[in-house]
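Pasting the structures here.
There are two complexes below, and they share subunit A, which is joined by subunit B in the first and by subunit C in the second.
This part shows the complex of A and B:
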């Protein structure tokens, strides 16, 4: 009986999550310029179009630049925050953790408005820099949580052992804590990258025509001309996500390995 | 002058006091064990010595120099952790080289010292392995080598044997003792295992509820314990409750079912201690001035070379006694005599 429940739940959830994605994929190869079934014929023209059209290519490059910048900044902010929080007393840890995680809880629209206003007043509104800053704030909590989890998993005696052998705090951090928490940093970085790469709400508030990101372009394309090229972009993004998922899986295995 | 001088160290955790005015002086080159049950403060004292726990009051001197507030990384003490705390991402070789890298020693010297230590702990063939590829006993030796490679002034061992099985524990005790003799470094070991403490140590500090009850050689602790706690914690014991009164020609201890002469000591309520090997078992009472109590056997544990009997006298607590088992073990219920000489009894205040 339990097996029946298990398999029906798994099947239902998988279908619910994956079916819409799978249904849309074949349309990327359709010869018709309308998003309809049945397929009229198979072609790679739409892929060719997406990969040569400046709008898509630029949007992709913009997204990549913003995501890499945001990831780097989030890694520094979130990583430092986690390393610091682990050292303070328990009660303060709870307060600080709440504070550092808060960007995850505040609705994106609110964050978008707040950043647009604040950056505008500060004279840094619009363009890459504001996008990187805003996305770094959104990504930092993910890095923070991921690094915090991997630091919590470390044996506190390792640090004490380092101290007893004469190593200063910074030497211990470089040679013991950082190498052992590296999978946590890497997973956090990946999360931050993905978050920035497909973030649309805050980006809508901050991007100017020169810094249009891929999700914004996709969003605009959906309204203007409903063409298979949109599906092509979606397929490419899905493939990228799958790649990241596989990468995360590997990282998690590396985290689990040293404890065995 | 002693090497380590611990003076009136107290440690409070909120309302709980883990150490009460602990005073100990440890001579250079000795193998000292802090022995006590869990919660006795032995680990706290070790942490104070390592510099991980600040004291609430009191101080620690190393060769006359106050190190009470010196951070652990400046103490130059080696430490073997209970779980070994080996760096999982480094090889055995890199683990042992770590304290030398910290000290920026030249490459050649590091290689030479690491090689020498690997040889000392007999792990030459495992230099390139990661800690998780080693057995528990091998990991323990890596931890030991890592704590000794930088020639520390003092080696602290936090229950180093607790995770090992009995046979391995015995071998490693021998090895640790040999290493101590070779190097001449002062060792301070923490354990709750009184056999381990007696096998390895020059001197043992028996701790109870945050206090040092007695600090002495294993023999002195066994033959001349200062308190009931020490008597019962170190070895097996028979304790008779009674009182001491002035009698004809000296002092007499009146216990349950017997009276015996004792050396001069305070009169009144007292306890007399008798070790099981000082109690003889026989079918008849001897006529040589020794005390003989009629007893019946309630249980026995046979261990080949001898048997440990639990005997019940007509009054008072059961008596433990070792008996020869060469011609078999006395059956349960057998009526015998427990015989002991008054001079082997130890009076506890």
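This part shows the complex of A and C:
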């Protein structure tokens, strides 16, 4: 009896989690412009429309530009922070880790207000550069945590072995530590990229009409009118996430493989 | 001969060199903007800077002296500045705009005494206007916090309770957050259990669904709910088709839609911490409990559940903190009565350009989050200590 209750609960909860997306994706291929079932027929017209409409294409390109820039900057900030933090005394480590992780806890709306105001006063308000800077700050904690985890997991004896053979500190760092921690950097970069690519709240405060990103365009479209192109964009964004999840899994497999 | 280095990987000097750039960037691009929000919330220089003569007056100024100073200040303002001052004062008391604009235009013609001002416009005899003027001649102001917390300055300068709109918004934010937290825990617990202890196939499947959901952006998942719950959406089609309702019901732009979408969006954040804790609980414990005569319900309640409480606390806490500052999902699926604090902050920035109010509400939201994080830290410290004492 309790088994039946348990499994029906699990089935219901899984359906609640999975069904909304699974049900909505097919609507992007529906011939009818009404976003409901039954499907009238299958078509790729809506995809064609989105991929040829300058608003969506430009928004996509802007998102890509911002995400790549933010990823690169976050990688430098977060990577340096993590490699530096493991070398300092314990008490300082706690304080610095708190500082480096703090953007994760502050609500995005507050971050948005802070950036919009401070960047505006500094004369870099609005546009591509401010978006890259803001998203880099949001992505840096993820790179930091990812690199820190992979550095902490390294065997210190490898470094000592290098030292015993006369390698200098910087040489050991470049040829032993860094290559071993590379998966941590790669995973952190993926996190930072996808965080920026999906981010909407801070972007709403900072973007000007010329630097509208895809999430902003989607948000505006949802507030305006529901139409198939919105579902198409949602499907494309989901595919992007799927791709990143697959990349991340491959990365984790590669890290796990040599050990086994 | 040479001893192994005390710390592998590099020296302290190298560490400081590496840390310089990230620390500087964090301070400049994150800590400084955040602290500027705090200053912004009490900053009144935009107004007080326009009232140089009034600001220079001591506390024992005569009414005539104040009138003269006010007229001198208004007289030096250009038309654009006058309009700005009038707009900002009008935010505190409606009707102030016309009073300032008309007085400012005639500032040179009015006799620089209180009697002259009152003769020009009888409203200057009301102490309420003067209280606001005096308050705004100071460079630091608490007016945004007063408005946010529903406190008003009475005519004689004492504090009284006033319009409590933002207090109610904060209460609503807490209520919605609590509801969402409970819902995510209720739905998430069995899912985490299935992912941790189900057969290989089941756990892989559930975990895949959770991770996919986790990695799909919040906006995309909210989009799915908007599409499903709309008046002519799938849910309504099914309900009408099954004959459960005669005509489509309103499922979105109300509390129901907001709670449903927020629960769905935040669910993975509750599941993953619970899953991590559940994985560490060996199945043999349940067998032991059963072999000692406890039934399945008793085993769950007395052996299994207490051990998962840490995961429930971490998952629930994460959802609570995230939900407290939520903007996108309630903005797209809730109605006007379901908007949370974050929506009002964005509204102040986007619509009325009232940065002071946006900053004050931001500080209050940040304070709520900070208190919660501090409580979580305290709880962790306390459990760690109890473990040490028990050992």
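Please note the rule applied: the second predicted complex is superposed on the first by the 244 of 260 C-alpha atoms of A that agree within 3 Å, B and C clash if a C-alpha of one lies under 4 Å from a C-alpha of the other, contacts with A are read in each partner's own complex, and residues count from 1 in each chain.
Basically, contacts are C-beta pairs under 8 Å (C-beta built on N, C-alpha and C of every residue); 3 or more make two chains touch, one makes a residue touch a chain.
In this text the structure is predicted, and so the values were computed from the model without any measurement.
Which partner, subunit B or subunit C, touches the larger number of subunit A residues?
Larger number of subunit A residues touched: C.
With both complexes superposed on chain A, which partner does A:180 reach: first (subunit B), second (subunit C), both or neither?
first
With both complexes overlaid on chain A, does A:2 touch subunit B (first), subunit C (second), both or neither?
In the superposition, A:2 contacts subunit C only.
Where does A:83 make contact in the superposed view: on subunit B (first), on subunit C (second), on both, or on neither?
second
Could you say whether A:220 touches subunit B, subunit C, both of them, or neither, answering first, second, both or neither?
Neither subunit B nor subunit C is touched by A:220.
In the superposed arrangement, does A:167 touch subunit B (first), subunit C (second), both or neither?
So A:167 only meets subunit B here.
On subunit A, which stretch or stretches are contacted by subunit B in one complex as well as by subunit C in the other?
The overlap between the subunit B and subunit C interfaces on subunit A comprises residues 160, 163-164.
Would you pull the subunit A residues touching subunit C in the complex into a rising list?
Per the stated touch rule, the residues are 2, 6, 9-10, 13-14, 16-18, 20-21, 23-24, 27, 34-37, 76-78, 80-81, 83-88, 96, 99-100, 102-103, 105-119, 121, 133, 136-137, 140, 151, 156, 159-160, 163-164, 169-170, 172-173, 177, 194, 197-198, 200-201, 204-205, 215, 218-219, 222-223, 226, 230-231, 234, 237-238, 241-242, 244-245.
Going by the contact rule set out above, which residues of subunit B touch subunit A in the complex?
Result: residues 50-52, 71-79, 81, 83, 85-89, 98-99, 101-103, 132, 146-147, 150, 156 of subunit B touch subunit A.
Subunit A touches which residues of subunit C in the complex?
Residues 4-5, 7-12, 14-19, 21-23, 25-26, 29-34, 36-37, 40, 187-188, 190-191, 193-194, 198, 202, 205-206, 209-213, 215-228, 230, 232-234, 237, 264, 267, 296-297, 321, 324-325, 327-328, 332, 342, 345-346, 349, 355, 358-359, 362, 365-366, 369, 373 of subunit C touch subunit A in their complex.
Subunit B touches which residues of subunit A in the complex?
Contacts found on subunit A: 155, 157-158, 160-168, 171, 175-176, 179-180, 258-260.
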